[in-house]
């Protein structure tokens, strides 16, 4: 068990709360920097995907986990970012400018989607975003002059100022830098008034309002930032996958994104990345083990959906706080080690209350 | 004439959406969760009926009964196994759970060798019959849907408005803790709600089967029923039907009179407009927390 | 004559068939403790909701510091210097007490989103300053023990205090307290009385409260307004209002209270 | 208030032995043993966070105790399903009202009678609570969530009475009620106790009232029972007077007040 | 750049990506089984120049992103020699860059899109007439045969449907006609009433269907119901027995183009019956057109690999392929030829019609 003696207020504000944090996150950074030399090409590509989805996850986490607004149409923002990147880099824009422009465009779309969010809640918001997702996907497939329509659009490698990220490793570093910056920005936001306003809105709109929080502004802001991050993720995704087609940004993608943050653990920044590891890793894990299963099961079509669904069900049943929640428990157990008390983590009975009145 | 025909097919299609939306609203009213598995339950119901008719060789009406009863039982078992353990968690957890259940159901059906990946027809006695009146045509399949939707809606409405159990379900969904304090058997009612929802899903699946065929992905039509439920106001049973009709009509007319592509997004545009004008749908209660 | 801080003229609001508030007028003067009393359902909380702009009045007007309040959006009310607590406690359940109080500082926010994304030196300084203010309130209300506790697990009485603290963190000019002592025992109610007096004398905040505990009301309030069925019944000093026959009839009941009941039981 | 107190039998209707409950790692009550005898009004006093609500919740099965056992009318109801416990004739007025916000007032009341099958009895009791609180009749078709705080409290109490219980657990029934209604509530409590012989376990911040209407009292501090006696005798005790009835000399208060001013750091 | 990734002394590793859990899992499964059948046969006969074939199949769920992940696994982790029979246009488009970076051939993808051989790339091999060519030839001919003055189309709103529509449009243009009415639907749609009403209102005598299975049946059924009976013609995607099995009598008269032929066991040759039997004992269900495709893909691969000889690597395989001619096989598919410049095996297709609940070939192979 670690006891912290606080001596000034800055200590509560700091990102790394104690030496342990500095050490472990430093180690993680080192490992990430060394990854291209440590991992096989295949694993590095997976890691790149994880970083990309992690960035998108950060955005959705901000929206769903911290502001309490659930979007079932996030693939739309993801797609806007991806197509914007494809189009702008197609015009020869350098990567950073295209990325920022794409993020801005996504954010603008996010504001438009956020508008209904001001009036509707819960399931209504979910369906509103879902509807928006459908409409945006339709635009992707109909606006052929820009998106290439259903024929799809190819995207080149990352290029900026005479440098081209043409190897897997160099693109990995691009993603790493973006992911780290995005994470820091989110952490900063969450420890400042805006982040607190988001959480306040999540927990009680009426008292947030009476504390002077402009609900409309902060909800739209949350949508905008979330969409911008999704757009940035989408831009990276465009470079990674190099071929965009409208069906990559459909409802299934949206649900995948939502599942990602839920499984990662709503309301934690770690959760975004843990969720991404899960989302990218699980299908690979399934295909890795399926050869060892009996033919009738291992080779049957539909296996992936079953495992995917079952893991999801398992998570909700046994670890509603997601991967991050599980990690916290493991850590608490290790820290307390000889003094672990039975029932420490026993789930309390809890009772559902109507969320229609919030 | 043309217009009338479009209206008629729109109404028929709208009833299909309404029928599925009834299932959503039912689960929502009774448990305050949105079941993303409703479409898959429908699919299972259709397969159940198919099995009863082709494997067991039962006659149609018996198969329908068997499928509805079987699915109701299935719903109860499902609730006991996977939903009850997290009863009381925020509704959102259960929503996630239903997504997972949907995946598993779809996957498991797909895994059935020789059946899951195929498309099947349900040999209903009224197949391919058409009702023709003065140049307007309506398939009997669709008329059956319309009739069943109306009957189910009235039945469910009565249950929730007048029966003790129906009111208790709503009570439990609004404030579970208080429901326990009142001695309402929350868990049992929850099981009942899922049983009921699965039964309704089975009815929908069987009625839809002649129109959409029976296959593992037939549940996706549920995505169109969400807008229907929302337009009507998510907590309202008659609203589900009206919402379904609105969506069906809009689709039908937009498909004919508007440029390509509008038919597919029309329901979603309607939803957005609706939520903008009436955030709680046509029949939804105007809700506001009193502080 | 002290300056009028808040003035309500002919306030009225109707919900369906219920006239919750009807033609209510009163003035709250700067620096006083003004109490609303009245039987349950008299419309006291509704008056609060009208002031904090949760409801739109059907008739009448509200002025704060001489400027019309009606027409302001709800979130502006806090900025103008009006903070409130809720009858049923509305805290941010899944956040710590400290976090709740920091949200109270929101109206004093000086940074914008972009500087926050980079957490510039200015943002950091503003955060530390906010924290210092919050600690002052924590000291005042004795919440040190609960600073890092999650609100969800606190006992009712402590939450009431946290809610008061959160309202104080906004540094309001006018504080609306909806039944501050309900759910508190005698001792805690006394603390509450002292706090209200401190708030008024030391922080110079005007207090408008709804309260049923007449001992507390008599102790801290300068003036009392009694309402019944949405209308004003009496206005005056605590003693005057408590002896008003209409108030006794509708609200206080037989003056004997506990003693009378005990006698009857015996 | 004319009828005489019902015969308090020595048989406990409710018996807690050594009960311990916790929220996650936090122990809220430790080793609580108490009894409520048939026909009696018992009360539990305690400051904020002492664990009063937790005791009541443990009794009605909302929280499962870690240790100890609870007996109701001779049956062991430890950690039983709340629905079962209510069925046995125990009903609970929870802290913080907990009405069904989107059901009408009348439906709320009918839900109180969920465990009953005698329609006539229910109809009679409905009339009875309407008589106690006419406002509920006036608002019978309104959504309960729109009632004022005090009206909701009346509804919560009425709803519990609709179950025609043998034992009522009352958690701060006077919360948010006007002085007049507070008195009426306690009158009703006594009336129900006297007229129907309903046993009552009362938790109340208004210790004056509680000690007046109750026969027997327990004092809870930090999750432990530190004192128990008849209410008549408890009222005479000095520390009860000081801490729960607020009768103390000015000097003591003055000191406390000074303590509050101490600054932190 | 040369590589012999995936080829060892006694093994050739092949990869394939199929939809095993998504919207066309039925096709994915048949393809996979067809390929596996041929792989097993070859291995039983001693492999190719002493090397056994090993086929790794990944599931994409018909999702391009998952297809990329799967391709990365197959190419970079499992080190496959070639990607064979990968299904789906967008999926192939997304996976090809991953493969080409590692010099992995995209062999006979299961999509009749032109991008599978255009623009020319040394690692692209495609085998069957594209939807575009199929429709370009068949539609004007049918229109002429029927004496139709107005031709319309109903197509799926994706790349597949577009290709069908474009082919029909190009063919008609060459014949001096144009499409009178174009209408679309979204994948998975079940209601075609307004589209059919549109077609009916336009009075077309021939309707080109860019549809797959259920949509074909739904659209034709709706038309029959409302008393509208033009000649319907679909692409090879709609050439499956499921159309008449599911759609029943209403489907009679429907035309579709195709390359491989539906194996009806009762009327098939001895050889096909034998093959079908083997298939059924191995997998438990009857083969269908996509099983045939799968079987042919591996069969052709094996022939080319055999020809490439003991020193099999990408270059030698390409060299062998570029001089290959595959004679017509027992399923009645046309001859295929390849060269360094010609990477589409054959561009001929023929027309069948459903008559009395069964596909009947009504024309010979026609080259564009």
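We call the chains A, B, C, D and E, going by the order they appear; numbering starts again at 1 in every chain.
One rule holds for everything that comes next: a contact is a pair of C-beta atoms (placed from the backbone, for glycine too) under 8 Å apart; a residue touches a chain by one contact, two chains touch by 3 or more.
Nothing here was measured: the structure is a model prediction, and the numbers come from that model.
Any chain bridging chain A and chain E, meaning touching each of them, is among B; the list is complete.
Taking C-D and B-D together, the pair of chains sharing more C-beta contacts is C-D. Look at where the CA atoms of chain B average out and do the same for chain D: the two points lie 44 Å apart.
With centres set at the average Cα position, the gap from chain A to chain D is 47 Å.
Chain E has its Cα centroid 36 Å from the Cα centroid of chain B.
Taken residue by residue, chain E touches two or more other chains at 20-21, 25, 28-29, 157, whereas all remaining positions touch fewer.
Taken residue by residue, chain D touches two or more other chains at 23, 62, 101-102, 145-147, whereas all remaining positions touch fewer. Residue positions of chain A touching 2 or more other chains, listed in rising order: 206, 301-305, 349, 351, 354, 356-357.
Interface residues of chain B facing chain C in the complex, by the touch rule stated above, are 291. Against chain E, in their complex, chain A makes its touches with residues 40-42, 45-46, 49, 141, 149-152, 154, 240-243, 245-248, 252-253, 280, 283-284, 287, 299, 301-305. Taken in their complex, chain E has these residues touching chain A: 20-21, 25, 28-29, 57-59, 61, 63-66, 68-70, 72-73, 75-77, 90, 93-94, 96-97, 157-159, 161-162. Within the complex formed with chain B, the residues of chain D that make contact are 60-62, 81-83, 85-87, 91-92, 94, 98-103, 107-108, 110-112, 114-115, 143, 145-147, 159-160, 163.
In the complex of the two chains, the chain C residues touching chain D come out as 15, 37-42, 45-46, 87-88, 135, 138-139, 142, 144, 153-158, 179, 182-191, 194, 212, 214, 250-254, 257-258, 260-262, 264-265.
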